[in-house]
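The same chain A turns up in both complexes below, where it pairs with chain B and then with chain C.
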Partner chain A sequence: MTTARAPLEGSPGISRRLQTALYRHRAAQILLLLAPPVGWFGVIYLGSLAILFVSAFWYLDPLTSAIRHDFTLANFQLLLGSSVYRTVALRTIGVAAIVTLLDIALAFPIAFFMARVATGRLRAALFALVLLPLWTSYLVRVYAWRVILGKGGPLDWFFGLIGLPDVSLGYSDLSMVIVFTYLWLPYMILPIFAGLERIPTSLLEASADLGARSGMTFRRVVLPLVVPSVAAGSIFTFSLTLGDYITPQLVSNTQFIGNVVYESQGVVGNVPLAAAFATVPVLVMGVFLLLMRRLGAFEAL
Partner chain B sequence: MATQIMPSPGARGSTPGDSIPAIRLVGLQKRFGDVVAVDGIDLDVAEGEFFSMLGPSGSGKTTTLRMIAGFERPSGGRIELHGQEVEDLPPFERNVNTVFQDYALFPHMSVADNVGYGLLVRKVPKPERGRRVSEALAMVRLGGYERRRPSQLSGGQRQRVALARALINRPRVLLLDEPLGALDLKLREEMQIELKTIQRDVAITFIYVTHDQEEALTMSDRIAVFNHGRIEQVGSPADVYERPATAFVAGFVGTSNLLSGEAARAVLGADGTYTVRPEKIRLAGIEDPVGDDETSALGRITEVIYLGSDTRYIVALDAGGSLVVTQQNLETSSTEALARQGDRVRLVWKRQHSLPVQGG
Partner chain C sequence: MRGFGLRVATGAVLLFLYLPIGIIALYAFNADRGQSWPITDWTTQWFGIALDNPTLRNALVLSLEAASGSTIVALVLGTLAALVVHRFRFFGRETVSLLLVLPIALPGIVTGMALNATFNTFHVPFTVWTIVAGHATFCVVTVYNNVIARMRRSSRSIEEASMDLGATTAQTFRYVTFPVVRTALVAGALLAFALSFDEVIVTTFTAGTQETIPIWILNNLRLPNQRPIVNVVAVFLVLLSLLPLYLAQRLTRDGSAAGGRV
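Our next item is the complex of A and B:
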């Protein structure tokens, strides 16, 4: 006891005095803790987002191909007026929605099995299987699917085996949807798993005790309680699809918003137009997040 | 169903006569891997009884309750509800309802939807459902709380909602799994009285699992004392308290005050294990006379515990072992009581209060 107290009685060291000061001033403590992330988020992330918005109102001088820092709505007029851009935007949003729905449909039974049926080693093994693809490069996985879906690939071989004609999905919107659905599936499985696991067993027992069969318990108790988790997973699958431009390029002939942005600024050098088009997914995502918040997604994360 | 015998709400103490028991357990067993949770239980519970299963945690009482509800399948033996074998029926096909320890209220539903769930599931039409929900909530004194969420209620209120949700289905047996465990003492005592009143009003058989001996003694018509997956004794509160069958029951229901071996021979002049209730023992001076019908033992007070209305003395006997003595603080002050620590005393009690028990 006495030895442990000794330093207090002597003159306090610098670090001790600093700690005491921090203890007394909670605001300073919080500030010190949050300075790095707030600095990063505020300056670098929000700053670049602001520049993106501002540059969307600049324009490319048609004669010199130089960027003029004058205010114009021309970029947005072009985007709204041209059916090409509209199609690209709608396609991107539509595919993101389809992929999200497919992922929900696929992830639910898997997550349910993992959370409510499997235990111990089986559950651990399933976890490893779900996470394993994430340890491999995204590109490798997309190229693997190109092989699977390509002409004369395993899929065609399998179809031939069961007596069906070649489908050669190779480069198509369907193969793009398949690959996206595969890529983001783990991001849907994990939140749903967590949501299902959080439901106390006694709630399911109570439902059965009150006379509900399994189907009824699922509809009335399980489903409403995992809606927030499904919404949380949807944020991942939807936003990841919305922002992607590599998969459409590798397994289909169509363009996503990302591809157009990439070409506008990379090939043509029209940064203002690219910036204007890039605000579309930002806005879509904002609306989507508001919707998901109403479903309770942020409580489930 | 065909021959419904009039329920006998006052079926106190004695085992039921010729009527079909509400619950009959025959050689009931449950193993979890190598662990035997319930080790062959035989039990009859009469219609309308308030029956408690009392025991320490891990004694098999909750597992037994869960087998009756249908949440666990027995490893062996039989469960009969009103004469019908139910071991193979899922919970939703048994005419019993459960009040869970954690209440298990549905967090996404209002109080009214929680209470009406059983009726909704059974497709009871909406007007009747609303009426019965109001009735059930009024019964547990929660009228007007229909639209609240469970998260907006206090522990005691949740407990009442859970009770209303189970009783609204008019089950023939209500199972309660330590329903008052999470409440504070004051509320618990209030709810004990209320539960007993409700049980008398609805005349439904209650099976009440608890580890709290006082709770069991207060509310029950009969008590089964569980230990290591077996029933040590079944009887009325008075039976179990005043005539414990085993050393375990003597210790678990009340204070463990056992005399055995050398001490029993020296004090009582007999072999075996005996128990004496602490309130039956009188603290006397060393030289005080002892009546013919009384037993006495010399010892030293090693510990004094002041409990407000009573004081508890732990006395180390000269003959070996120790006994607990409870004295009401009729005239003694706390200072006087505490000053007696270390005193030599004579313990005196009536011979009839030395009860032989098995084991020990």
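Our next item is the complex of A and C:
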């Protein structure tokens, strides 16, 4: 066994003494272990977020198009005052909410089947089948839908087949909602499955013994118990939709917060305005996380 | 029959999840450059053409480099963070987990923009390292979560026994802690690698003019001429996604064996 060999391989005295000294000094140990990860996140990540936040209060010189490092609230005034930005923000939040609700509706039956009906190998196989799309490239899955929704593509062909030759989704708001629902569905199925699996069977039997039919048991016993899991899944579906700008660009003609941010930053070069608008999803996500925490999402993650 | 409705709904959802992937796989064999359905002429020529595409090969190399770099950084930082949070009680301990989850909880566009603003402010040129900086930031949490979950399940007393028998901290880590968390490290690394390899939103802000595979797809999917090659790349990526599933299955088998040994 390795454990018997280890002391014989003994490191040279100085290294051993150093390690012993270190073992006695907890603070030094904590500091040494903590320095690389906290250094990386503190400097690179939080530092970057701070720069982004501060730059939201700078402005673009109208004459030279250079960024002026002087404090102004002009970006936020522009965002709050303009109906264009408000519409984009509300649309993004609205679509994120609709996608979340659709995913909950679609996830429930399959999660219920996996957790309460399927057993053994069937359950394991279903679990793998739900998990697998998450490993498949996000962009490939959006691209697949772009092809399916395209003019004369599989979906148009299907509508013709069932006698609706004039119907075509094309690249539209509805298409975007479908694709988002498709993309994040596994993120909703998996937590609901885990939540349903945790419910003791005796609870359902007790409800039935007390005279509740299966519908009643579902509403009064099962649903309240899986609220935290639904909330946990919602964090993924809501946040991922909120921050996306690739899907709207590929399967619809609408703009999300992300599209406006990307264009202001990349095309127009107005980093301060982009930074100011980027605070909107952060704030919305903050409020959403607080709400979901009250529903017990973090215990179910 | 009880549960018939559930069965139908389950089947429908699985169809919804897999039909698009199946359809895109068929398109890779479409002789026509267009997108019209049904496909009438079939060919395998696009696979060879895709293989000979130098831009695509460079993109693949860059993606592999970025994913390897991010995975290594994530392994080191994630393991260190898991060790310190699991072992010690200290001021700000809860904040560490929150800090590591933040890049996943916040929209990717915020992380991307923030890093982009920093690179621009300090005139950092866009290289594979700027991509790694972005990817590693959200990959650390996958390693951290896997390792800390494993540590919580294993007993601290075996490490104490090792120290009591005279092993140094380094030896204890090498011979006791590491074997316990090894499979968790592999699982975390797989997840980190896949996340990085697939990432597109943060990458659009940290790559400059460099092309990773996802960026290449994004730049080429609108060009009718390139469409057949994009289809081939899509199939390649779908097949690639089966690999971690296969490895994970092998891993859990080895994992339970290793668990028995310890």
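Operating definition for what follows: the second predicted complex is superposed on the first by the 256 of 301 C-alpha atoms of A that agree within 3 Å, B and C clash if a C-alpha of one lies under 4 Å from a C-alpha of the other, contacts with A are read in each partner's own complex, and residues count from 1 in each chain.
Keep this in mind: a contact is a pair of C-beta atoms (placed from the backbone, for glycine too) under 8 Å apart; a residue touches a chain by one contact, two chains touch by 3 or more.
Predicted model, so just to flag it, every value in this text is computed and none were measured.
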Touched partner set for A:I162, first chain B, second chain C, both or neither: neither
Touching partner for A:I14 - first (chain B), second (chain C), both, neither: neither
First, second, both or neither for A:R213, with chain B first and chain C second: first
First (chain B), second (chain C), both or neither: which does A:V282 touch? second
Of chain C and chain B, partner touching more chain A residues: C
Can you list the residues of chain A that meet both chain B and chain C? none
Chain C touches which residues of chain A in the complex? 2-3, 6-7, 9-11, 15-16, 19-20, 22-23, 26, 29-30, 33-34, 36-38, 40-42, 44-49, 51-52, 55, 106-107, 109-110, 112-114, 117, 126, 128-133, 135-141, 143-148, 150-154, 156-157, 182, 185-186, 189, 235, 239, 242-246, 250, 257-258, 261-262, 265, 271, 274-275, 278, 281-282, 285, 289
Please name which positions on chain A make contact with chain B in the complex. 200, 202-203, 205-213, 216, 220-221, 224-225
What part of chain C is in contact with chain A in the complex they form? 3, 5-7, 9-10, 13-14, 16-18, 20-21, 23-24, 27, 34-38, 73, 76-78, 80-81, 83-84, 88, 90, 96, 99-100, 102-103, 105-111, 113-118, 120-121, 133, 136-137, 140, 162-163, 165-171, 174-176, 179, 194, 198, 200-201, 204-205, 214, 217-218, 221, 230-231, 233-234, 237-238, 241-242, 244-245
Chain A-facing residues of chain B, complex: 69-71, 90-92, 96-98, 100-102, 104-108, 117-118, 120-122, 165-166, 169
